[in-house]
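Lettered A, B, C and D in written order, each chain numbered from 1.
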Amino acid sequence: MLEYVGILFAFLFAWAMAIVLLTIPKFLAPQFPSPAKSKPFECGMKPFALPGGKAPVHFYIVAMLFIVFDVELVFLFPWAVVFRSLGVFGLAEMAVFIGFVVLGLFYVLKKKALEWE
Amino acid sequence: MTPAQKVQEQFAPEILEAHVFRGDEMITIRASALRAVAQFLKETPELDFNFLMDLTAVDYLFYAGGRIAKEWRFEVVYHFFSLKYNHRMRIKVALDEKNPEVDSLCDLWACANWYEREVWDMFGIRFKGHPNCKRILMYEAFQGHPLRKDYPVNKRQPLIGPQI
Amino acid sequence: MTETRSMLLNVGPSHPATHGVIRLIMELDGEKIKGVEVEIGYLHRAFEKMCETVMYTQCFPYTDRLNYVSPLINNVGFALSVEKLLGIDIPLRAKYIRVIMSEISRVTDHLTCIGATAMELGAMSVFLYMMQAREYLYELIEDVTGARLTVSYVRIGGVKADLTQGFADKAFGKIEQVRQVLIEVDDLLTRNRIFFDRMKDVGRISPEEAISYGITGPFLRSTGIAYDVRKASPYLIYDRLDFDVPTGTTGDNLDRYFVRMAEMEQSLRMVEQCLQQIPDGPIAGDLTGCIIPAAQMVDRGKMGQTQEFIEDEVTTDPTLQGSTRKYYGAINAMRKDVVLPAKEDTYGNIEGLMNHFKLVMYGHGLCPPAGEAYFPVEGANGELGFYIVSDGRDKPWRVRVRPPCFAIMAALPKCLIGGMMADLVPTFGSVNMIAGELDR
Amino acid sequence: MTPSHASANFFTSKLTDALGWARKFSIFQYPFVTACCGMEYMATNASHYDQDRFGAGFPRFSPRQSDVLFVVGTISQKIAPVLKTVYDQMCEPKWVVAFGVCTCTGGFYDNYATVMGIDTIIPVDIYIPGCPPRPENVIDGLIKLQEKIQKGEQSRGLYDPRLKTGRPAGMQQGYSIEGQIKHREP
């Protein structure tokens, strides 16, 4: 149980840092809100469309693909920790896992999902 | 046969003035003849003016303090250049003060679009047939045409800031 | 029924990609550019109106703020146009000096253009190397003209001052250093995969479109047409120098980069040839010699002993940049109604004083004959023409600058439409739009 | 909390000094570059006259992330509203540096198209004269700005050009007499 205390402290420290950094400017920096300051910045001109309008579907596809490969990366971390003890068996297991994801990559490339047409 | 002589021989009635100064040939024509002359300069094979180098205007209001008489006030000046024959030509179109208007050459040379917008912006000379003859250098709210001789040099129309 | 609408985006005046003063209203379909509307005029400073309110010689400070990246070429262009109006010729040494300074100024222009484009594509170190190379050339320009950027060095009928002592070998040294930087940048950029892919086949323009838009300069030469004013209608002494005009083939960003790099090499070669061929006139540097103090000269003048004054040199006040008669004849046309007399004559004898008075007093000044002249010069972005109308009085009636990058900016939508949003950055960098020259 | 000098007790003065010190060496500048001064701005930023030695080397191109507005080059009437909007959208504490004589007083462009000095539209902290100012001038201006930041001062107040921070009303008028074309009777 004891070894998990480290993670708890890391967690608390992260929250503490976030809270401190967010609140310090409230005390130290001068605040002068004005209507002009709240408008979105578009190179000094009046923006055409306020943000939050509709976005084309290509962005969505690219975002989804990123999520898939990012999650695959997350699974590699636990393997990296016990890499030595698992030995060849771990390597084979991971090769299969990565193989499936690379198969997915080839499918995406063949389907031209990354092209911007 | 220099290009100027060819144009003079072709469009004799339309020409108001033609002279050579320091090696530059220039011909002043009436506004109505501009499209025909431009077509002629561009299409005839031995002239082949494929470059419209520059298009500007000059305001001759009260020229030289009145010592030199000028029947017209504005002159729109076209500088043509031929890449093949490497010769240049200057055509000037005389416009009086009441309604300075001349045909647009946007469809012959694409660069005429912006040059004509600038001449409209600076001199207030209208171009018939120009796709969108808006101001190009000054802002929309600007009143008047600054490069005219009767526009004082530091008469400001500020968008924001003090009204001086 | 799904209705798709393109997104209107403002790549507005204050944006790093548009170098601060151009507003592009982009019609975007996701990342693809469907339509562009270019809005300029954010740096319109009324150059042409100001030139109408000042005398001819006072226009020079305005001309070097036109294309402020290569200011000397504007000065030379304006001076040549007024000299054509006056119909005067300038001494050979002054022509050589004008060509040397123009070519150095052209190299600084290309250095800034390629440096800025590379920085906008992420190659920060190339920008710093290019700025370092530009500092070497600014040192050269500063030695001769006194200022780094806004030099106002050229005068109608000659140049302000002669080259300094030892300018030639210092210049050879600096040119060698700039060549080293160019080799380094060539290694860094030309075979760099990212740079190559970002620039290849981006912002293409066809030769017919380029001609129809009246584009000249590196932009036109990159499409394969070898039109260069220095070769087509050689002025000053460009017919004596051997240089070739580099051209590209496809007219895309990469070809414009190659054309500018090759042109820098040609310009450096030209400067070296000029420094070897220049007719040696007395260099302005040596100010010693048997000279009479000005006060003593005035006393002798009062007593009428003035015959031998013309040859004697006068120690003018050290703040008056010392003696100018030594190199006067070499770099100024012998026209009393155009060029200011040498310092010694102005303070030494009454003819010089009257000559100086007639030239600088309001209303008297330099009065070209009534008429007009157009003189094209090869600027860094293309053909830079000055069309001057004079009415016989001392102020120009109309000064019109043919801005080379005006036509290129008119053709910008042609290069951008169809490309991706990110292609705007390298294309705009290779257009080398200089706002001072564009909006005048 | 605008730092005031009157009766700053020990704690707040030490905090202001600490804040001033921290802000002084981490200047994020918004380069509002328009004209020829931009070339000298590049030279000042490059390796020879390095601005980064003073902590000001990192230009930020969004007013949200920058605290010093470097106005570099002539400000024409057309771009004046843009400059005003960018200034308004900057977060506090903010300073403005007028880089070059065109921004200080309009320079020799006394005509219909130029704003004669940006202090007629926004309050300015440091004026760097010169056309363009040599990089040494710019760095000297930067050091003066750092002293101002260290003291926590800021040219504040509504930019009412006539009264508080703008130049005296007399100076506002088009003060060049010579350049004016006498009105011509046709």
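As a convention for this text, a residue touches a chain if its C-beta (ideal position, glycine included) is under 8 Å from a C-beta of that chain, and two chains touch if they have at least 3 such contacts.
Computed from a predicted structure; not experimentally measured.
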item: Chain separated most widely from chain C, comparing mean CA positions; value: A
item: CA centroid of chain A to CA centroid of chain B, Å; value: 59
item: Distance between chain centroids, defined by C-alpha means - chain B, chain D (Å); value: 41
item: Distance between chain centroids, defined by C-alpha means - chain A, chain C (Å); value: 50
item: In chain C, residues with contacts to at least two other chains; value: 12-15, 41, 44, 46, 49-50, 52-53, 439
item: Residues of chain B touching at least two other chains; value: 138-139, 146, 153
item: Numbers and ranges of chain A residues touching at least 2 other chains; value: 43-45
item: Touch-based graph of the chains, sorted into line, ring, star, complete or other; value: other
item: Pairs of chains found to touch, sorted by chain label; value: A-C, A-D, B-C, B-D, C-D
item: For the chain C and chain D complex, residues of the former touching the latter; value: 12-16, 19-21, 41-46, 49-50, 52-54, 61-62, 65, 68-69, 112, 116, 127-128, 131-132, 134-135, 138, 148-150, 435-436, 439
item: Of chain D, residues touching chain C in the complex; value: 32-36, 38-40, 42-43, 45-48, 61, 73-74, 76, 78-79, 82-83, 86, 108-109, 111-114, 131-132, 134, 179-181
item: In the complex, chain D residues that touch chain B; value: 77-78, 80-81, 84, 110-113, 115-116, 120-121, 161-162, 166, 172-174, 176, 179-181, 183-186
item: Chain D-facing residues of chain B, complex; value: 61-62, 138-139, 146, 149-162, 164
item: In the complex with chain A, residue positions of chain D that touch it; value: 1-2, 15, 19, 62-64, 79, 81-83, 85-86, 88-93
